[in-house]
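Across the two complexes that follow, chain A remains constant while its partner is chain B and subsequently chain C.
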Partner chain A sequence: MTIGFERRDVRATIWILTALSLLIVYLPPLYLVGISFNPSLQPGMPSLGDISLKWYGALVNERGLLAALKESLLIATVTMVVSTLLAIFAALAYLELGRLKNGWFLFVVFPMFVPGIIQGLALSVILNRWQVVPFWGTVVMGHILWSLPFAFTVILTSMATVKRSYVLAAADLGANWWQRTTQIVLPLITPGLVGGAIFSFLLSLNEFARSSYLVGRQNTLPLLMFGKMNSGATPTIYALSGVILLVSILAVAAVMYLIARRRRALAERSVEKA
Partner chain B sequence: MFLLRRGLALAGPSFLLIAALGFVPLGVILVWSFWSWDPASYWIKPDLSLAAYAAIGEAGRWSVLVSSFAKAFLAAVLCLVIAYPAALAIHFVARPKWALVLMAAFTVPFFTSYLIRAFSWRLVLGRTGLFNTWLMALGITDEPLDWLLFSDFALMVGLVASYLPFAVFPLLLSLRRVEPNLLAASQDLGAGFVRTLFTVIIPLTKPGIFAGFLFVFVMAAGSSTEVQMLGGAGASMISIMIADVMRVVNFPLAFAISAIVLVVLFLLVLVGNAIFGFTRLFEDFK
Partner chain C sequence: MAISISLDNVARAFGTVKAVDGIDLQICAGEFFTLLGSSGSGKSTLLKILGGFEKPSSGSVKFDGADVTGVPANRRPCNTVFQDLALFPHMTVAENVGYGLRVRGGNRNDRVKRVNDALSLVDLKGYGERTIAALSGGQRQRVALARALVMEPGILLLDEPLTGLDERLRQQMRDEFGRLHRKTGATFILVTHNQDEALTLSDRLAVMHNGRFEQVGTPDDVLNRPANEFVARFVGLESIVTPEAVRLEDKTCHATISGKHFSFAAPGMTAAPRKLAIRPDRVTLSEDGGIPVTVARHHFRGRHHELVLVTGDGTTITAEVPSDRSPQSLGIGMVATAELQDGALIPVMT
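Let's look at the complex of A and B:
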């Protein structure tokens, strides 16, 4: 590209502004992770000699936290399985829907736009009228609405690597729809499927607004953490936040790596053939 | 070979689930917002009434709605301004490897806890937090600044930090659709970088700009964690107002507020899509 992006001043300006935007996103969480290694009760960055896993060790003794974690892991796992399966069908449907495509896209993505508190309230009122007692399953219902649009978009994006000609060629060779889907489309988009699943899991694990109306007797982890954060946060909260942040970052990084590797492999293969 | 009937069958399960759990409950509370509150049963009865909508005009509720939308608007504009250079960096400036790293860096926040990220701003903006420590160490102020935390300022910072990635990706998608020939033509005709940016690139990325605006606006208008973690004591937002109304189990009023918010957001999505066609951003999948 030669419209000025090679100019040194332009590049420097863009890089500085980009670095600032990353700082806004990453400075506070990283500071929190730093604090979590400080053994003192006062929040602050630990000096190098003081780094300690004291608060991480203390997590094991927090029964309330562990119960909430267990509940959240159950909810996140069920949400992940259901959202991913539905998203695969919804994305395969997108390929076949022709002129209805755009409407279908908006329909599936719409729940993402609904404020969590309103969606949670609406669903809980209806469930209440139907005499459904809130339990982990009702939270899952709310979470699917939140994670399905993301899983759908991720899987749809990875379908961009599936050229229409691949599918047409398979059809010419006599493959029926089931064979085309299971032998051509799905293997090509496995990174997207893994991404959709992991992202659904993380979205559910961290969801807050919808859960607050749909939760049963056992709190989910974010709800419990919210309470603790507002009643004089103890350093164990920093440690727990640190664990969740690190796990999330690693999981997303792994997905991005998988997707990039697959893209590169496909690109190299098509170069070889040409 | 591409069959509409098969498409509909595949769409079936998601359609039923989204309709049953998402659209139907929202539609029902929309209807119920026109019913009346029944003190005898602590529930509502099917007497058509606009009482709930009249009550929105009371107790400063209208101004909470307006100011929530205003704050969401400002957050969306700030996010676009901050995200644009990052999108340019990913698409035009960075080498492929770095572009990937940047994209990953902006993907991570989608899926990390909004609660923890909002909470972490407390540690940065608080009286003994990072910023006040720096400001005092640099001698810019003697006393810690109180307005940094639990204020509209903190709320805005929190909203921008939370929802910035929602602006980056639509911008990036629309930048990818900009025809390189047009940029070359612009340069051949003598336009410099700044002129090309403002008269060619930015106008061509309008669908991405609108989609980014819409995502951030909607997320910010409905946000609850950022407000509860960072907002001032007096300041309210839509989500807090609904929670407060629900605490006194005034169902019709909570439904009426929700209905107004939903209608505004729904119209934004539809009108915006009609004008800017942001579903076209996703049309490469063939």
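Let's look at the complex of A and C:
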């Protein structure tokens, strides 16, 4: 009985489909990076001789773009820290809750299903009523509502590796709640914490709908870029996209390298004396 | 220092299900006590109540006379070896064993020394730096034991710790428990569904069923004087017969089974038993002279053949015949007579 994966034609089909999907996913952003090296004002792939860093140089003078980037990074960082912390507590609560588990899960995850334009509008109406002047903090509020469900789900998934008996055993050996949490639970869910944090950061950095209602005087990057595209794109936007893409790829590569190194160290430690 | 335990009318209900149903029990300091029962008998719940992981719905738990009913697990002077061992996967062997000492605090060098002592106690000297994933099943078992014993608990709770080990390892670890019990002198409470473990290790044991104790006594009590049919069956006495007549005379019990007369010494017995259990290894087959039987089923069990025999009145008797007897002569439908050797009959009181 075979499933067919060893057949030549089946394998070829799978490879072609894989290559096709990768192209669809990665070609557009790569094209964007490509045109960012074209010195002409008209977007298009540069010929090899024309490659230039002109627009990257021009980036430094784009005060508005840089200010928006700074604002977005600030908002994303605060969102990441707060969402991850809240998600940890929400997941710990889930671990302790008995019959209320499912209700709690739905309660935390629900904002994921509220359309951004409605959530943003609702929040801005209430903040307006309380006479809160919009600033980066109001955007953070909207972004936490958006990213918390995702961070919570990611952390909850890694909680599955924490057997209830680990916590009981720690208690049996004298550990109180705080020691059980910091010495047993958190170290075991570290991969989930990292994943949840990255997720929150990226969701916030990308967010448009909620930001558009809650933003103060300083635009976030997605809002600014959208505005610029509407009023005729300048190629500096392509350059900025190139930088962000490159930094994202490097960041993911760094995280994967660190995880691989840690895994290798663990494996070596266990083989050492065996 | 070993600690004595006293349970007073302890009960635990989950909804309408009574997992533990009013248990009274005294366990002496330093005793090896076993809770024997099948799954769902409430033995694990009772162990959790002792460990402080589960609060009784009513009743009280006392350690050395002091009430600990409301004391949480992390402040009780007892340690547990869990069924799934619950070794922390992100820590080395030494970190696992030393975790309790680390929580307790104190001198670092002293802690290292005690961890090493505990590892030597379970024959794992030099394994401290390994990860849990690099250990075999038996070694993990020992780490779990060392992690509990390093705390020098007054009470050690063992929750089915031998489940999932292969037979040879099982026997090895079983002997290990006996050795560690003598060496540490702590009160050991073992929960198991395996009667061999219970009978070989315990000073006393309790046979548990539906949240209650069917019998509490020494292995000899349970094996040779089972309180009732349930206990008799649980310790492997499957053939239970109701004799046509029983009477007690001069410390000797006389019984008639399928028309044959048997008698056995019954010192200390005050009333004639209603039923008798027949030990399968004390039944032999012969051409004539015993109870006439027909072989109804035949199983090869390695060292012996297990035969299910049916008497004329429909009573079944199980017999274990040594496997050196050729199987051809033990065919189904064979007619023979069953003779009961000395010690074959065991009184079942109720």
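We adopt the following convention: the second predicted complex is superposed on the first by the 220 of 274 C-alpha atoms of A that agree within 3 Å, B and C clash if a C-alpha of one lies under 4 Å from a C-alpha of the other, contacts with A are read in each partner's own complex, and residues count from 1 in each chain.
Going forward, contacts are C-beta pairs under 8 Å (C-beta built on N, C-alpha and C of every residue); 3 or more make two chains touch, one makes a residue touch a chain.
Keep in mind it's a predicted model, so treat the numbers as computed, not measured.
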Partner chain(s) touched by A:Pro187 [first = chain B, second = chain C, both, neither]: second
Contacts of A:Gly216 with chain B and chain C, given as first, second, both or neither: neither
Touching partner for A:Tyr166 - first (chain B), second (chain C), both, neither: second
Touched partner set for A:Gly174, first chain B, second chain C, both or neither: second
First, second, both or neither for A:Pro46, with chain B first and chain C second: neither
First (chain B), second (chain C), both or neither touched by A:Gly137: neither
Comparison of chain B and chain C by chain A residues contacted: B
Contacts on chain A seen with chain B and repeated with chain C across the two complexes: 163, 168, 171
Contacting residues of chain C [partner chain A, same complex]: 51-53, 72-75, 79-80, 82-84, 86-90, 92, 99-100, 103-104, 126-127, 129-131, 133-134, 147-148, 151
Chain A residues touching chain B - in the complex, by the definition given at the top: 1-5, 7, 10-11, 13-15, 17-18, 20-22, 24-29, 31-32, 35, 43-44, 86-87, 89-90, 92-98, 100, 102, 104-108, 110-111, 113-119, 121-123, 125-126, 141-142, 144-145, 148, 150, 152-153, 156-157, 159-160, 163-164, 167-168, 171, 177, 198-199, 202-203, 205-206, 208-209, 222, 225-226, 229-230, 233, 241, 244-245, 248-249, 251-253, 256, 260
Chain B residues touching chain A - in the complex, by the definition given at the top: 1-4, 6-15, 17-18, 21-26, 28-29, 32, 82-83, 85-86, 88-89, 92-93, 100, 102-117, 119-121, 123-124, 128, 130, 157, 160-161, 164-165, 180, 183-184, 186-187, 192-193, 196-197, 214, 218, 221-225, 228-229, 238-239, 242-243, 246, 251, 254, 258, 261-262, 265, 269, 273, 279, 282, 284-286
Touching residues on chain A, where the partner in the complex is chain C: 161, 163, 165-166, 168-176, 179, 183-184, 187-188, 266, 269-274
